[in-house]
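Labels run A, B, C and D following the written order; every chain starts at residue 1.
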Amino acid sequence: MFTPISKRQHFPTVLLFMLVIASLLLASCGTATTPTAVEVTRVVKETQVVKETQVVKETQVVKETQVVKETQVVKETQIVKIVFGSLPRDETLILAGTASNDVWDTFTLMAGALTNAYSGHQQVAIEQAFLVAAGKYYPHLAQKWEYNADGTEMTLFLTTNATWNDGKPVTIDDWTFTLDYLHTNKDKGVPWGTLLDNTKYRTDGTDKIIFSFFDIKDPTKPVTNWRFHSSIAGFVPLAKHIWEGQDPVTFKNNPPVEAGPYKLDNCNADTKTCIWERRDDYWMKDAKLSPKYIVFTRQPAPDLLTQEMIKGSFDISQLTPKLAMSVVMPKNPNISMIEWPDPCPRHLWFNVGRAPMDDPAFRHAMSLLIDRKKAGNLDNPPAKPMVAEWSYQGDAPDPNYADPADIAQYDVGKYDPAKAAKMLDDAGYKLVNGKRVDKKGKPISLSVMTFDPSIHGAAVNGFPTMMADEAAKIGIEILPKVVEVGVYFDNSAKGNFDMMYQWVCGGAPSDPIGAYNGLHSRYLKPEGTAAAANPGRYNNPELDALVEKIEQGNPADPVTIGYYKQLYHIVTADAPYVPLFFLYQGFPWNNEYFTGPKDQVEPWYWMFQFRGLLMFIDKAK
Amino acid sequence: MTSILQIRDLSVGYASRRTVGLAVTNVDLDVEKGEILGLVGESGCGKTTIAVALLGLIEPPGVIQSGSAQLMQDNGKSIDLVNIKPDLLRQIRWKEIAYIPQGSMSALNPVLRVRQQMTDTLRQHGLNKTEAIERARWALNLVSLDAAVLDKYPHELSGGMNQRVAIATAITMQPAILVADEPTTALDVVTQRSILQELIKIRETFGTTIIVISHDMGVMAQVVDRMAVMYAARILEVGMVLNIFDAPLHPYTQKLIGSIPKETGQHLEGMEGEAPSLWRYPPGCRFHPRCQLTSSICMETVPELREIVPGQFVACHHCG
Amino acid sequence: MERNLKSLDKPDRNPAQFRSTLRNKLQPYTPVIMYILRRFGIYLITVWGAVTLAFIFFHSMPGDPFSIIFSALERENIGRVTGGPEVAAAYKRMLGLDQPLFIQYIFFLRNVLIRGFDLGPSFINFPQGTREVIFRQLPWTIGYFTTAMLIAWGIGTLFGALLGWMRRKGFTSVAIAIATLLQITPVYIIAIAAIILLGYQLQWLPTGQPYDPGLMPNWRDWNFIKNVLWHAVMPVSSMVLIWGASFTLGMRSLMISVLGEDYLTYANAKGLSPAIVLRDYAFRNALLPQVTSLGIALGGTINGVLILEAIFVIPGIGGIFIRAMALHDFNVMQGVVLLSIVTVLTLGLIVDLFLPFLDPRIRRLND
Amino acid sequence: MINFKLTIGILLIALLLVTAIVGPLITPHFFPGEDPTEVGAYPTLDLPSPKHPLGTDILGRDAVVIIINGIRLSLIIGVVGGFMSTLIGVILGFIAGYVGKRTDTILRIFIDMVLVIPILPLLLLLSLYIPKWNIFTMGILLGIFSWAFVARTTRAQVLSLRERSYVDLARLNNEGTLEIIFEELLPGLLPYVILSLAGATVGNMLAEAGLQLIGIGAGLPPTLGSIMGRAYNGGALSLGLYGQLLIPAGILIMVFLALNLINMGLEERFNPRLRQYAEER
């Protein structure tokens, strides 16, 4: 009834199976599956040669010229490396990044797809109204903007000759459709979903959209908004004929129909590689788009990446500057570093909702415990200590926006444990047998939330430990708490921290409002529920008032600028957060095929800013 | 009668790190053709070791110290079973000397059907498949088992049936000698009897010489013609079973016989002390610590087997 | 018993008798059937329990994926996505995450059982479904690790058998020492060593990546397949090294215990040639427990792959799992865990149910 | 008679313990006037030099010193976790094995459940929410969720033990359950308990190291695993800092080797008792 399995039945099968596998492996050994180089012939120059003949007759001399058109073509052949199947290396820009996500067939800026930062879609396929690069605006889908006298309206002048990469023209209908479409879907996490909350638009002809701004509480009441252009600059209209009737969340937009200069060739989820090809019919004729192909691919583990960079397989990668400078650059002369200050300065935030962080004196004391210089030196290139949110390079801040007296008075960015101890004594945090106690007499024990060195560098990871050592000397226990990115955002949004490292973005030197409005009490949420900003639960009517004034004032207006000093005073005096340092990012760039961008441009090739970077990349001679 | 097997001065031991403990010490024994010889003794006295040695199954740490066991073949040639080349040994196994294992339940391979276990030997000795199966059926028939057993696994059979299968397997090649090691242990009395009768039947049918190894005097009484009493790796007494039962000469044998219940209500005398382990045998006569006749000589010199009564050999200083 | 046996051989045509013979036929196996039913019941309970455990565990995790994702988005692309918390709330409503846990549990069970392993959308890969994300990458995991496991098993069983058979030879001790050393080395250390030596120093083998980035997956193209295999050499062989070693040692000890059995002595006494003894008696008897260990090992695969996939950049389940963890995408985590639970337990069940059919000894135990 | 394997194993472990305990006391003398473990004490990722035989790590600490401390931390994690899991495992396994019947079935199902859920990484994730997060909490968490294997082996042992004749004897002399447990069973169980403890300890060490290697459960003072992980993910090889990757790895292997040697040695000593345990592993 039950027959026992016999060796003859399954034993050789195992053997056979192994043999097959083994032979396959052997067969596959050492076979190069893709051609690595081909000979191509390129037309180098074409010249027209004019031939002139003279015919002499007895009677008269007739000089006739007959023009013989013939083209003489000088050809030269050269060896070109072939990469990614069929792409000539010298026309292909290869960007290696830490691509990690699993969505490789969806090309939208919506919801989860937004976490797909390495497909290249938002870098080279989409077209924005203006490109912002190195602080300048470059007109693309829009030409210029004009505010009316009192700044309650802004007129946006559209580009008329733009076309989608399926050939259809980009019309004002696409714009209006997109504005409404995004607004109706705003609770699905679409970009600019809340744009129309306090703005209405009307069109004028086929090339003008006029936005007018109103109070979010009372739509009839117009308000001024001199910064609207900065929020609309990166606006990406959607193709109406593609998107109409689609659900922004589930629609894949594959192949992507966009107005940008590059078309999708293919994407591969297994190797996390996407290949983009330049549009022949790109509408902006004078645009400088040196690479014919752009490849976004995943970079291997550091040691192997180092090898690849030495071989020049990639044009840019997120190799650590240390490796790039000490290992790669000596071996490969074509590699140079692009270094630039990260525009988002790093801060130490206090959870003002919790004691003793609710006491400004305590916050200042904590700030004094941080040896910013020493911590900064952990990074390479070193992070520079800073004294104002927007003062790039850590230079002395622009006196128009900050009062040097404040900096001196509140020793911004100073390191002075002794003084910290004294401040704490004065503020009544007494030393009880070696431990400092808070107002309730409990020994103080706080945590500082930060990242692993692999995420934002060693300085960011190291300073809490240094702080802890200093704090221990004056009797306060500080636990550095290194967390995963997800946990970090969760905790910071919900105010579930004592102190944390965080960055503040949007503090443009000319108009650093972005550095302050994150402290406005409009973002205030009780601890435990996620807040969009103001993670420290800071609440200060004075600051709110100033922020609102600046937001409505014209940045060019000296009065507005005047407010900044007061704002800076409040922030330095009250210290809801204290500045740490500017990080200097550094990436190796391979100049063999394409010469790198200038240093002042941020090579954020994992974000839409890369589109601006493209303008600074030339083909190597 | 001619002896078919002559064991001379056989010593088998088990090697430890330092010494070798002898489980069989200088044993001399003749087995007559066609007789049933009983090898009796307490467990651990070395009787099974003898069987194992005869079958050439001694494996490390076991070692054959000395001695020989000449097996007379029909063609008059004789083979020494204890030092023999492996391949030759393999040939004569089962053809000349077969083996009925102790506790055949564990001796049969649980994952093979009886058919295969019975035939593979035959195939090994050059029968083809059909012949082999025929022979197996015939053998089973002989031990009064149904041929259906062939398609069963050992665990599907009762203990008795397993034992019969073992016997059937043993006689498939009609060997000259059959070594039955404790053929009846772990069987109920009824089965015991029938198994023993099978043995007798086999002897009568083929005139096979059978060596029955057992600790059970009852078994001896039932089947054996001649028996050899072993104690502490030595043979103490050899003789016709009837004589020994009537007049045991060696004190040890006397005690063994004495320990068999005869009629109810009779008081059984036990044996004080216990058998020595093979690592430390007492000098001289190995039984002397438990013997009531012990005298100084017993402690010094080893008694030889001497023929006291015709056909009855005893190794004791105090007999006759 | 005997009569019963006869009836097994030639069943009567007479219906009444036939029925009785049928009863007779079934009668000896009723314990087996009972055993099967009982074992299956336990299996179902365990699966259900484990899944529930996992569900509760995941849903009681503090982090909530949407606020993480959107607060991340708000910080990453400035001024584009706004109103994070509201959006997060909207999504939670949409996916019923605001429901009480019990309701969610009911829905979860319904989706998994009725809608065929539907675990809802993956949060980080929204709107992609968890099922799609997992099943797109599962083949890689299976392809790599199951293959490696089978090869390791085959090699290990052979070596183990030989080592056991020649247990008295001196040289085996060397082999055993090596095997032990390999077996105890954490697999990730071997992996890294292989990458360093073969991939980084000598640059003989590709490390990580399923195939050259340039290639387009096309399973009809021999070149592509060759490339995939070429890339598989290092991961697979390093796994085979480790697992093969442990299988070898396991098989060896099995062989040795079998070689001590009475029936081996008996087989020798029967004058069988060593080849047959090895094949039919020793190997055969040691093989079945070895099959069990294979089943169990295969079950453990998914748990074992986390680190290896991360190290060898294989687009498999492990990678998904780790990423999902980083952003608390507990639908995906749940899917992976569910998958591994079911695999492990099912393989365990198969082993328990079918081994008795393969190995009469166990059947005896059950009766 | 001394057992070779046993001796070597014990020696290795002893060596490790000595390094872990004495090391931190000695190392400061090599760095007079400075704290080699202080963040930013030296330039980061320095190449090996007489002063720093293994160079410095990414936070500018002396690699040798943090590896020595790493041994200590890893051992603490391992031991704490080991005790935790052995405690839970032995108790549950014992109950399952001794009480038997339905209790056994239920407990066995429960054990299987826990065994099949790959719960460790999730746990480390959760751990990041624990406010006071240090190696002890880490060890305890590891322990709490790695007891299932111990439970299973213990159960098997108890099952085989309670069938032993002397236990029946005790029952026949109607000794109390507690007497039976404490006088008959536990002594017999002790070797397995000790081995489970050792096994669980090493198991937890390796698990922690593996997860650290791929960056899960960051945020501890540098254990061997995280040192290895940072070296690997920081391109230590290209920088020429081989030691920072290979030496922690070597130590981990050594620990496991030592344990196995001891295990095998004990087997050879008390063969029949421990063979079954060995086959369980």
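Note that a contact is a pair of C-beta atoms (placed from the backbone, for glycine too) under 8 Å apart; a residue touches a chain by one contact, two chains touch by 3 or more.
Every value quoted in this text rests on a predicted model; they were computed, and no experiment measured them.
Distances between chain centres, each the mean of the C-alpha atoms, put A farthest from chain B. Counting contacting C-beta pairs between every two chains, the top pair is A-C. Of all chains shown, C has the CA centroid lying nearest to the centroid of every protein CA atom.
Centroids of chain C and chain D (each the mean of its C-alpha atoms) stand 25 Å apart. Per-chain CA centroids place chain A at a distance of 91 Å from chain B. Work out the mean CA point of chain A and of chain C, and you get 41 Å between them. Chain B and chain D, compared by their mean Cα positions, are separated by 55 Å. Shown for chain A are the residues that touch two or more other chains, namely 4, 301, 303, 307, 484, 487. Contact of a single residue of chain D with at least two other chains is seen at positions 125, 129, 216, 232, 237. Touching two or more other chains at once are residues 62-63, 196, 200, 280, 284, 311, 325, 328, 359-360, 363 of chain C.
Looking at the complex, you find that chain C touches chain D at residues 42, 45-46, 49-50, 53-54, 57-58, 61-63, 180-181, 184-186, 188-189, 192-193, 196, 200, 253, 299, 302-303, 306-307, 310-311, 321-322, 325, 328, 333, 336-337, 340-341, 344-345, 348.
Across the complex, chain C is touched by residues 105, 109-110, 112-119, 121-122, 125-126, 129, 206, 209-211, 213-214, 216, 232, 237, 245, 249, 252-253, 256-257, 259-260, 278-279 of chain D.
Touching chain B in their complex are the following residues of chain C: 1-2, 5-6, 8-9, 168, 261-263, 265-273, 276, 280-281, 284-285, 288, 359-361, 363-364.
Considering their complex, residues 38-40, 43-45, 58-60, 125, 128-129, 131-134, 215-216, 218-220, 230, 232-239 of chain D touch chain A.
Partner chain C is touched in their complex by these residues of chain B: 55, 57, 60, 89-95, 98-99, 101-103, 106-112, 116, 120-121, 124-125, 146, 148-149, 152-153, 155-156, 158, 169.
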